[in-house]
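There are two complexes below, and they share chain A, which is joined by chain B in the first and by chain C in the second.
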Partner chain A sequence: MTQVSTTISKEKCFEQLLLGKTVKRVPGQYLSGSEGWLEAVRAEALENARALNFPSDRHDDWRFTDLSPLFQHGFQPVSSFAKLTPGDIEKFLIPGSTRLVFVDGCYDAGLSELGFSGSAGAHGVTVSSLVERIGDVQVETYFARQASFKQDAFAALNTRFFEDGAFVHVTGEAAAPIHILHVATRREAPSAIYPRCLVVMEPDSRATVVEDYAGLEDGVNFSDAVTEVVLKDDAQLQHVRVQRDEKNAFHIGHCSVAVGRGSVYAATSLAFGARVSRHDLHAVQMGEGAEIRLNGLALITGRQIADTHTRIDHAFPRGKSVQLHKCIADGAAHAIFNGKVIVHPGAAGTDSSQSSRNLLLSGKARIDTQPQLEIFNDDVKCKHGATVGQIDADSLFFLRSRGFSEERARNLLSHAFAAEIIIKIPVPSLVESLSRTILDRMSGVRT
Partner chain B sequence: MSSAIQNLVNQPYKHGFVTDIETETVPKGLSEDVIRLISKKKNEPEWLLEFRLAAYRHWLTMEEPAWASVSYPRIDFQDIIYFAQPKPKKQLASMDEVDPELRRTFDKLGVPLHEQKLMTGVAVDVIFDSVSVTTTYKAKLAEIGIIFCSFSEAVHEHPELVKQYLGSVVPSGDNFYAALNSAVFTDGSFCFIPKGTKCPMDLSTYFRINTEGSGQFERTLIIAEEGSSVCYLEGCTAPQFDTNQLHAAVVELVALDNADIKYSTVQNWYAGDENGKGGIYNFVTKRGLCKGVNSKISWTQVETGSAITWKYPSCVLLGDNSIGEFYSVALTNHMQQADTGSKMIHLGRNTRSRIISKGISAGRSSNSYRGLVKIGSRATGARNYSQCDSMLIGNSCGANTFPTIDVQNATAQVEHEASTSKIGEDQMFFFAQRGIGSEEAVSMIINGFCKDVFVHLPMEFAVEATKLLGLKLEGSVG
Partner chain C sequence: MINKDSRVLLEVRNLRAEVVVDGVRGVEILKGVDLTVRAGEVHAIMGVNGSGKSTFSKVLAGHPEYTVTGGTATFEGRDLLALAAEERARAGLFLAFQYPVEIPGVSNSALLRLAYNTLQNERGLEELDPLEFEDLVLEKIKVVEMDASFLDRSVNEGFSGGEKKRNEILQMAVLEPRLAILDETDSGLDIDALRIVANGVNSLLTADNAVVMVTHYQRLLNYIVPDYVHVMDGGRIVRTGGKELALELEARGYDWVRAAA
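Showing the complex of A and B:
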């Protein structure tokens, strides 16, 4: 099957996206339209999207990110439902997890595995398609409240055009990890997909959520994802985000998190795939003593571009944040990291550290990193650091002297560099499979 | 914050007096006519007028930059006097004939114009408002081939050098303020160190703004030929006015093979009062080009004055093995805003750079470090180390760091570190235990914090800088 792709301009590309519509694909699984509040939000989002347009490279947050490959395509809304078999997605699965599967943005109940959580409130966990729960008071209260579709055109597009999404509501302790798998298939024309996710953590709740974006066959598609997370007081969430799209895909992700008093939000974000990918993570402290831990890894090669923008707002006293972001760029890839830590006047006693560490493996690759600290309170402990370098010559020599080939030694050291992030994922089976993926990629095997 | 520290931070500005001297000014406002008038007053050659006009036309098409984290009311560029000079009484033949009023002014500022009285071993070019008043030790330097004179003199006496290097490091359209400067610059210092010469004394320029409502737009050009070296110092003060004044300078340094330029600044422009009224807007473009192999450019700055500081001394490391350095202490108090840092552009092989930046903010001020380290794709073996530390005194001030690292070569090693701290009660307690008063303790802590930078200042400047920080932070224990 050949994909029809035409080269168009940036303006045309945007217009084409605005023409998208929310298609009713599977009977019974679309928005009835009876939720007036949602229609109002969608209308406002469309207006915002129209006014905002695509960011230009003059925009400070986008100046390193070359979006031009994205603008060359006219993306169509996905209008048909791709029927996948369990075998198709087997390689992505996490054994023992509660699972929601979305194919091209559309919920596939057959492939999903809800366990007990499907029935509301069982074991303190509700996991369902967002559409099914659209009348839920939690959805109405928190949906589109965190992700600012007023400033971000991509978030606005998603808010207008998302078809379905995941809804996770935790009141107790979720025993199994919750796996939200988005699979993109190959379509005849470049397609636009709008994954959406809402996680609400009630006071004292615990959960692990894995957001997983994967591609089945290589094709040009554009995933514009928005995730919103709310942690009420003393909740704890382990949030893993894996972006392993196919190499011609485009991925723009936006995640907004509100962290309540005494809560712990720990995120691990991985970017492996896509021609151009971008992840914006914005975490705001909503109460005293909130803790935010962010780990990130971008591992790219070829002509890939991976951009990670994070922002942590310390707005209340005694907050804590720890961040470690790593980029590994090979081939002619371009990795970008921008991490803002803002300590507001009221945030006395803040303890924040941020580290950006980058590894350049080839002469043509490029890394841009901007760790930014903005501090408006004198009672703080803040530090940040950034390094860009190559594989340490001494370590390489050490391995060579023990009989490793140059190539194997390099692969091992790069793998070790990446592993520091991977092992922070609290799901052992995922650590193992991702670890293998990385080793394979290092040695040039495409999985 | 203890009251001791509070008192330390609030010190009157002691250079705030106005010299009562007859001044000749051109009318306020900017137009091609004003530029022609300035050019005519300075009796400039045609090519320089063309340079100015081209810059002006380009400036008209540019927009004022808004990315810095500073805020101020829009500047009315038509409300500035672009040229002000003390009325020349007669042609000056020697130093003794400098207007006594001017001489007194500079005596008061600690910059005596008499060579005998000068700190030994420092040659000074003195800029008062828009013009150079005098340059000391000129003849002595000329003996060994060093040209050190005012910019206007250089235009007439060494046009070939000025023509070759003017705008070669900071092109006239580089940025909004550089373009404005290129159009209206009035004077400045020019310095040329010939091949293989080590400049025997420190060269320096002292800038003084005196006339209310005027802007100062000076241009400094330093060229160090193969194997030469020079150490250059710059100091600035201004009187206390309620209105804001614009100072938009351009400094260009060129270092050829094996040359070494060390440029130090102690900037103490009037900073405005505690409510942010008045003060100098210091919007400066400083850039050095390490053109030759093994060349080295080192910037050291102590920034204590100005209502707003907007300056990023940079090094373009073009020659292989060249070295760029940046050492900075920026102190902001009251309503001052500083957005400063450095850019290191690595283009040649095995180029090295180091950035050490210390920011101290007190009162309601804001102090930002903004820097760029760029490693070009051909800069094999490039190495950078950056460290920027901030200290906050009081809880209504802000400290920001905005470093950008852009690496396009896999063999590069780039490191950046930043930390933020305050003077802790436990530190003060430690000093008190040992019988050291709080005032002295604060001054010791701050001096220790800035030590990494002060060691790179020439001796006279290091003494002055330590005193200056002390002064700014001095006061009675209350």
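Showing the complex of A and C:
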């Protein structure tokens, strides 16, 4: 199928997105709109989107990120439900996982695998489409409470136009990883997709959630994703986010996390795909002794742009945060990292470390990194640092002295640099398949 | 063991080299080095800091930081200086690093297997799959008395100084080079680690290979007994003798050799 796209202006692009409307889907999957609270939220979101508009390139949080390739397209709402077969998505699957599959933002029950989690509360976890649970008190309580649809046009657009999403409610210990797979297909015209996810962790609960954004065929589409995560007290969540969209896709993702007293939120976020991608991750400590661990990796080449903005708010005593973010940029790619850590006045005994490590593989690639530490408290232990470098000459010589060709040595070292993040993912089969993805990119190396 | 009839592995004649800093040629460090190493021999190159002994080992291994400005080096009949670093390794030359590098994200076992299979390929032999290689490496690891858990760890990451040096010898054991150059392998080792490293090297010596040890101190030579001791000074080998020369250097220092040269 050839894709028809005409170049338009930034203003037209935004207007086009505001025209988005509800999609015709398979029977039984309409978002009825009967829930008054949701209608109110959607109406407010639309107003916010209108008022906010796309960020200008003078906006402090966006000044490094060239969105102009995005603005050239008139994105259409997804107009029909694409029917995929299990074979189409096989390569993305995580064996043994509980699985929710969304195709262009629409829930596909046939491809999903809910196991026991479909029955509410059984085995400590409920996994379902958001639409099915829209009347759930947890959804009403936590939906759109955090995601800053009041300040961010993309979050506002998502809140107005999302069709469906994932709802994960963990009350006990989720034995299997929960895989939320978003697959984008190629449509006749560039499409706008609004993935949405809400994760609520009850006290003392445990789970691993994998948010996965993949493209099926190379086409222009725009995924505007919003995820909200709530950890009540003493909960533990391993949250993996994989962005492996096709190379002409656009991806803007927003994730807000509230971390309760004594809870541990551990995230690994990976950006491999898309022409332009942006991920904002904002984690706030909501009680004493909360722990936030963020690992991130952007691995890009060609003309790709990948921007990661993170913010950690230490607002209560004895909180801990550890962050390691890596960018690897080859070709003429541009990677951006901005990591804020804010220690508020009440957050005594905070222990925070942040490290940004970056690898430039070509003379035309560019990396901008900006760790920002803001401390409003004396009793803290905080450190942060950033390095941008090329392949280490000593390591290169070492490998060559062991018989590796220069190219193979470079590939191995780049792979190793990325692997340090990948291996932290607590899902072995995903570690394996992502390692292969990286190896494919750095061809010629097999480990 | 000295056997005048054995094959010449390495023949270095009047080798001169400069250090390259930021792509600009700089100071001449090697000013005409001569050395002949035959199969079955153990050589020690000693000298003070800055004498050029570590540079010599790096130049032989093909370090890009140095430019050869004169002389010849022949390895098993091939022009060593015409080969890239990796080609020298594949030809059977091995350098144990003075400062072993850490490679987070690459496991020790993967590094060893990839390197081993590269050489197997070069020699027209079968590559080993991970399971077959594991059998081999579990044998080799005994040479340096290392725990098998080191194989799953990233290369040298979090290793102590002694463990890093033992890891270099493990690589030597797996790759089975014709000529191993040990660049200050004894530096920073406590007495137990020194004994383990030395035992490892000794167990790998055969009539077909050779070792060149670059060292500051005589201590290592108590454990790995050299056939020849060379003293390097000012970028040249200024004196060559038997193992007793090392003892003399230990007793009298280097000044008398330098004065005599």
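Basically, the second predicted complex is superposed on the first by the 443 of 447 C-alpha atoms of A that agree within 3 Å, B and C clash if a C-alpha of one lies under 4 Å from a C-alpha of the other, contacts with A are read in each partner's own complex, and residues count from 1 in each chain.
The definition used in the following text is that a contact is a pair of C-beta atoms (placed from the backbone, for glycine too) under 8 Å apart; a residue touches a chain by one contact, two chains touch by 3 or more.
Bear in mind that the values here come from a model prediction, so they are computed numbers and not experimental data.
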{"item": "Three-chain arrangement built on chain A, chain B and chain C clash or fit", "value": "fit"}
{"item": "Partner with the higher number of touched chain A residues, chain C or chain B", "value": "B"}
{"item": "After the two structures are overlaid on chain A, angle v-u-w for chain B, chain A, chain C in degrees (C-alpha centres, nearest 10)", "value": "70"}
{"item": "Touched partner set for A:345, first chain B, second chain C, both or neither", "value": "first"}
{"item": "Which superposed partner A:368 touches (first chain B, second chain C, both, neither)", "value": "first"}
{"item": "Chain B versus chain C as contact partner of A:415, first or second or both or neither", "value": "second"}
{"item": "First, second, both or neither for A:151, with chain B first and chain C second", "value": "neither"}
{"item": "Contacts of A:401 with chain B and chain C, given as first, second, both or neither", "value": "second"}
{"item": "Touched partner set for A:385, first chain B, second chain C, both or neither", "value": "first"}
{"item": "Superposed arrangement (fit on chain A Cα atoms) - minimum chain B/chain C Cα distance in Å", "value": "7"}
{"item": "Shared chain A contacts, counted only where both chain B and chain C touch the same residue", "value": "none"}
{"item": "Residues of chain A defined as touching chain B within the complex", "value": "60, 64, 345, 348, 358, 360-390"}
{"item": "Interfacial residue positions of chain A with respect to chain C in the complex", "value": "392-395, 397-398, 400-406, 409, 412-413, 415-420, 423, 445-447"}
{"item": "Complex interface listing, chain C residues touching chain A", "value": "61-65, 84-86, 88-90, 94-95, 97, 99-101, 103-107, 110-111, 114-115, 118-119, 122, 154, 171, 175"}
{"item": "Touching residues on chain B, where the partner in the complex is chain A", "value": "1, 67, 69, 375, 377, 390, 392-422"}
